[in-house]
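Before I ask anything, let me first share the structure, which is written out below as structure tokens.
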Amino acid sequence: MWEVVNQLFLYIGMALIVVGALCDLIGALGLLRFPNFFVRIHAATVGVIGGAVYPLFGLTLIAFACDFLGYWRWLFASGSFITAIIIMFTAPAGSHALARGSHRGRVPVEPKVCDFLEEDKGRS
Amino acid sequence: MSRILSFLATFLLLFVVFIIASASISPMDIVLGLITSVIVAAFSSTLLIKEAPTKVFNVIRWAWAIAYFFYYFLIIEPKCHWDVVKRILHPKMPIKPGIVRVPYDVKSDYTITAVACSITNTPGTVVVDVDEEGKKYYVHWIDVKATDPKVCHEMISKTFEKYLRRVFD
Amino acid sequence: MTWTNYIAGLAALQPFLAIFAAFALPLISLLAKRRQIWECFTLTILLINFALSLIVFYYMYNFSCKPLLYAFGSWPPPIGIVYTIDRGASLIGLLINGLVLTAMIFSIRYMEHEGGTQWYYTLMLGFEAGMLGCVYTGDIFNLFVMLEVMSISAYGLVAFRRETHEAVEAAIKYAIVGSVATTIYFIAVIFAYGSFGTLNMADLALKLKDSTLPITGPPIGDILIGSTVFLTLAFWALSLKAAIAPNHFWLPDAHPAAPSPISALLSGIMVKVAIFALMRYMLTIFKGTIPTFPVVELLNYTLITMGVLSTILGSTLMLVQRDIKRLIAYGTILNIGYIAMGVGLANLSGLVASLFHIVNHAIGKALLFMAAGAYIHVTGSRDLDELTGVGRRMPFTTAAYLVGALALAGAPPLSCFMSKLLLFKAYLESGWLAPLVVVIVLTSVFALMGYLKVFYHVYAKQPTRDISSVKEAPTLMVVPLLVLASLCIVLGIAAPIIVDNVIVPGALSLLNTQDYVLAAQEAAKLIMEGG
Amino acid sequence: MNFEIFLQLYGYLALMVIMVISLYGIVRGASLIKKLIALTIFGDTANALIIFLGFKFGEIYPPVLPTLKPTLEDIAWFVSTAVDPVPQCLVITAVVINMAITMFLAFLVIQIYRLYGTTMVKKIAKLKG
Amino acid sequence: MKTKDVVIGITTAILLLVIAIAIILGGTGWTPLTEIRLLAKFYLENCFNLFDKNYWAASPEAVSAMLWDYRGIDTYYETAVFFLAVISGVALFRIAEVKVGAISSMRRELGLSIIVKTVTRIAFPLIITVSASVALHGHLTPGGGFQSGSMMAVAFLTAIAAFSRYFIEENLKLTKDNFLTLRSVGLITIAILALAPILAGSIALMQNQAKPWSSTPSFPEALGILWTAGSIFYYNLAEFLTVGAGFTLLFLLISIPEEEFRRILRL
Amino acid sequence: MSVEELVRTLIIAITPIFCVAVALYTVRIIKGPTPSDMALAIDCLTYDVCFFMALLAVYFKAPFLIVCSICLALWTYIFSVYLAKYLERRELGE
Amino acid sequence: MSLFAASLITFTLTIGALFTYLAIKSRDLLKATIFSAAQSATYALIFFLLMAPDIVLAYIAVAIGIYTVILLYIISKTERYEEVES
């Protein structure tokens, strides 16, 4: 039973890591290609959530399955899990704060379809 | 009473965090964890849990939270990722960015934050600002399909609110 | 454990205690908001330290001819950090303690109108600890840490008058230059560890002689290259800390900008601590041990050149200053030049002259700065033109100033005359370097002119403004001045006795690599065998 | 093995280049803040240099014994695989010390701006007269 | 200006060459290294050697053992450097207590948006707990007093950024005097721990375990189930408080608004 | 192929991808027209380094190295929050 | 030190040198601060690869956190642009 679960964990974890690496690459590409800061945030989200949180969860799963790490695999598991949770909490707050600060600091939003925040701020 | 409950809730949470952080359940870690959690909880319980600490002990809320966690990470996130990845890799970069208003209908700080974090964590939407009086987010959307607040709410944040209201509100 | 370890322990306790008191002082200042309590506390600690250093000094000169070793955490030399206290170190330690104590007593009244004196005293305690640690330590990395303790309190003290423009500006210049110097010293330590595989000074000396302490084994790298790079970088860093020209550029800004008692400490003793560390490296550890590549000799000649340069620079620039404290600060560069010239000779007579000049100059320079501080305290100005004539209303201060100035310029019966005479003699005996005596004589004359210029302005010149409100400085400021002045006279008159009984043994102990190494070896052997 | 030698030398060379660049920044930086940045980089590079001295080729491991009940074999394995702990100890001390100095310099820079209204070295020298 | 640039470039390049050549010629050992230095081997072999306790530090982490036992006095003075830097900063920014209520009520909008505030509220106790975990395992796993203390400072720093500096003073009821007190208490604990062997009759400052050549009462290796590695555990704990409080104190000071200072210094 | 070999091969295989990503982030940091862009790129870079550190800890079989990634994640958050605050207003402490 | 780790170190050091150069060159001090933070991140990875977890913990806290934050404080309290010398 445990054997099967371990194998499952291992393969899921490896798949997540591979996906994460690809997300990293694509996020970096997006960060390069996109035209302005606010659009780049989306690529950065791909890079952070897809490129760091998913693979860290995957690493947690792998650590359960890695017999060669011995007793210390619990430390691996807990460490990567805590890191993943921390990034999951803080990355959105950080990028939100950056976006808000940039918008107030007059970083250009062009190209854009609409900017209701600018309008609302202008009105009040 | 509520203060004691909030203290207890904070204490339990911190204890779990300590045990996970030290990755062992040896007697030494348990004793140290108890002491640390008591001290930290003593001065941060009011910070962490401002009102209605009974919510923390509600099992149904925790169940919803876990369900939401899996739903979010297994279904919503991959979908959004796939969408943005397509846009990045497409030679013409089909983007239509803009900042739209998204109204919300939740009460507590935690729900507002959780919904905002959920929106930000999905690629394609980023909360740029919050208007607490007008009860709306300003969301930067990579592909503006509609500018009407109702429709935006429908497309961006409805699912998150539905789950998170059950967890936090 | 024998009786000697307790004595070494007393030496090791001094910096520890000073830092302990510095840790406690902020707490005390929060609990008791009266400045008298802080002052009493600091004074008590400094008195205890002074008594301890006196005991160590007495013991070292009367009962022990070998260096004493103190092992922290009872770890023997190559494993842990040791303090090695020989006669020279105990002499400098006594000097440090005495001067800090004097400066502290002087500051009680001097700082009475300033806010935040608790931080001032805290930094002063830290400063003392840093200097003592630099002198006593027997570990090259510990020297780095202690240099930083000393430097950072010096930066803080220079910037203490935060509302004066030049103080903050001088502090930032000093801090940037000083931290570059200490980082370079750290790189030097890297090389020592890389090539020798040890951090202990005695072990370094042993490894140069194809021997070793237990555990560390033979050197790892090429000790020739390793020690060359180590010595060169350390030499540069320490010469910057010691303000030998051309590395003196920070001193004329930094030293006058500090409060006067701190200027006295900075000029009087801090630069000498760096010189002492240099002596440790060049004369005790690396002395004549690398026959194939004469790096030590090369550095000695460099030191002499730099010394000559600083004497000339210091003495000429002294004459054109308008600011009383700046003038005295240039005098420091001049005298550091003398000391460097003595050290550069690398023989007993040169070292004796240097060591005696360190003592004399420390006392004289502290006296001058404190007297200037008394003038400034009373009149509130540092410009010579505004100080004209105040000396007549302050007889004790002016008398003390005159004694100090004459002593520093080298007037015959006073202290520095003797040390300059020794230096003169050392150069006359040194063969082809003998023409350099001209420099000594000439710069002394310049120095005399510079100091007498101050005296002329302060005492002889007609006052340009109303000085009837000027009174003699408070007693607590005058007493330290008089004590230092009488020390100047005593050191001058009793010079033969002091040189024979104090300075020569100290210089001998500094030159005696054999005993220095033997102490470490014995400690290591004794402890390793479990006895 | 040759390739490893090349890598190690490249590491030293890169560190030297960084050190020279930062020294240049310290000497020639127009602003005190720039000097501060260069100073931090200089200190960090010195730290990296000493860590480079402590490493070795082969199987390596951090200098932490992963068990509380070691046997003799464990200790022998530990000694043969762990990297040099001495530079690490020195570097931690040096990092803290550099940080302390940088903090203090930062306070001084702010104070100098309050007094002089600028952080440019030349302007300060001019204002000082 | 160009010539000066060239001169500086050449001098720094000479430094580069000297050091690089010294390394390449083997000034710091053969290249590439496959063995570590003997002194380091000694530390590694003895820091947690249950079979020969003569030279042991009772801590399986060699770096912590070196920091607080083998080369303990270095760390003591390193703490002093940090302490003196803080004191210099306090002396430079010495200021009467800022009237808290007046200013915070004057300015309507403090801190960042509600999202960051709420995340900080959640993260604050969690970060402190994680840092405490690192501090309490400092003698067993990497990390120690300084590292965990600076992690604790993260919590207060986020609080300063996300709310404002008045948040710490008003909501947490911690003023800069409290931090100074906490810091002093931590430092005095360190000093007393270092002095304890002397008071117990040894002659060695900062002695952790009794040695055969210095057989005095040593720090107990463990308190019941709690392995304390002699004194290293207590040192780490005290340093944890000290560093956390020190950083917070400095950042509280530096985040006092500039207007306040200009008013006090009358600029 | 044993589990160990499998995992180690995987890690070595994805390292080039990681390096390319880091290089691309670097390009963005250098090009970034505004400080916000640079900060964003650094955020991504450090979070990726964070994940990579955890991965390498498995590769080196050194459990203690995993603590570093927690610390790095925390401080990166501080970095971005303070930069945001700088962009938003003049006094950082309010 | 395997070949794998050594080549990673080489790569990281190159990027670190690049960032240092940019940090010194940049006239915008805010950008210089960010460059130095990036340089610190590369150094953290190097320390990690050289198996020094203790240093990584201390170094990250100091270099990425404290230095950057304090430089931001300075820039916000003083001035952002370095003037070009004439």
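Every chain is named by a letter (A, B, C, D, E, F and G) in the order it is written, and numbering of its residues begins at 1.
Here is the rule we use: a contact is a pair of C-beta atoms (placed from the backbone, for glycine too) under 8 Å apart; a residue touches a chain by one contact, two chains touch by 3 or more.
Quick caveat: nothing in here was measured; it's all calculated off a predicted structure.
S.K.: Would you pick out the chains that touch chain D and also touch chain G?
M.R.: E, F
S.K.: Can you list every chain that touches chain C and also touches chain F?
M.R.: Chains that touch both chain C and chain F, as defined above, are D, E.
S.K.: Which chain is most remote from chain B in terms of Cα centres?
M.R.: C
S.K.: If you tally the C-beta contacts, which comes out ahead, A-B or B-E?
M.R.: Of A-B and B-E, it is A-B that has more C-beta pairs in contact.
S.K.: Could you put a whole-Å number on the gap between the CA centroids of chain A and chain C?
M.R.: Here chain A and chain C have centroids separated by 57 Å.
S.K.: Which whole number of Å gives the spacing of the CA centres of chain F and chain G?
M.R.: 13
S.K.: Report the inter-centroid distance (CA atoms only) between chain B and chain C in whole Å.
M.R.: 62
S.K.: Which whole number of Å gives the spacing of the CA centres of chain D and chain F?
M.R.: 20
S.K.: Touching two or more other chains, which residues of chain G qualify?
M.R.: In chain G, residues 1, 51, 53-54, 57-58, 61-62, 65-66, 69-70, 73, 75, 77, 85 touch at least two other chains, as defined above.
S.K.: Which residues does chain E have that touch at least 2 chains other than itself?
M.R.: Residue numbers touching two or more other chains: 19, 28-29, 32, 37, 39, 43, 61, 63, 71, 74, 78, 81, 84-85, 88, 92, 112-113, 115-116, 119, 122-123, 130, 134, 141-143, 146-147, 151, 154, 157, 227, 254-255, 258, 265.
S.K.: Can you list the chain C residues in contact with two or more other chains?
M.R.: 141, 145, 148, 152, 155-156, 159, 162-163, 187, 190, 193-194
S.K.: For this structure, enumerate the chain pairs that meet the touch criterion.
M.R.: A-B, A-E, A-F, B-E, C-D, C-E, D-E, D-F, D-G, E-F, E-G, F-G
S.K.: Touching residues of chain B toward chain E in the complex: what are they?
M.R.: 10, 13-14, 17-18, 21-22, 26-28, 31-33, 36-37, 40-41, 43-44, 47-48, 109-110, 112-113, 116-117, 127, 129-130, 132
S.K.: Spell out the part of chain B that touches chain A in their complex, as residue ranges.
M.R.: Its residues touching chain A are 20-24, 73, 77, 81, 84-85, 87-89, 93, 95-101, 116-117, 120-129, 131, 138, 140, 142, 144, 147.
S.K.: Mind pulling up the chain E residues that touch chain B in the complex?
M.R.: 113-115, 117-119, 121-122, 124-126, 128-130, 132-134, 136-137, 171-172, 225-227
S.K.: Under the stated contact criterion, what part of chain E meets chain C in this complex?
M.R.: 18-19, 22, 25-30, 37-39, 42-43, 54-55, 69-74, 76-78, 80-81, 83-85, 87-88, 90-92, 94, 177, 180-181, 183-185, 187-188, 190-191, 194-195, 198, 202-208, 211-214, 265
S.K.: Where on chain D is chain F touching in the complex?
M.R.: Per the touch definition, chain D meets chain F at residues 61-62, 64, 66.
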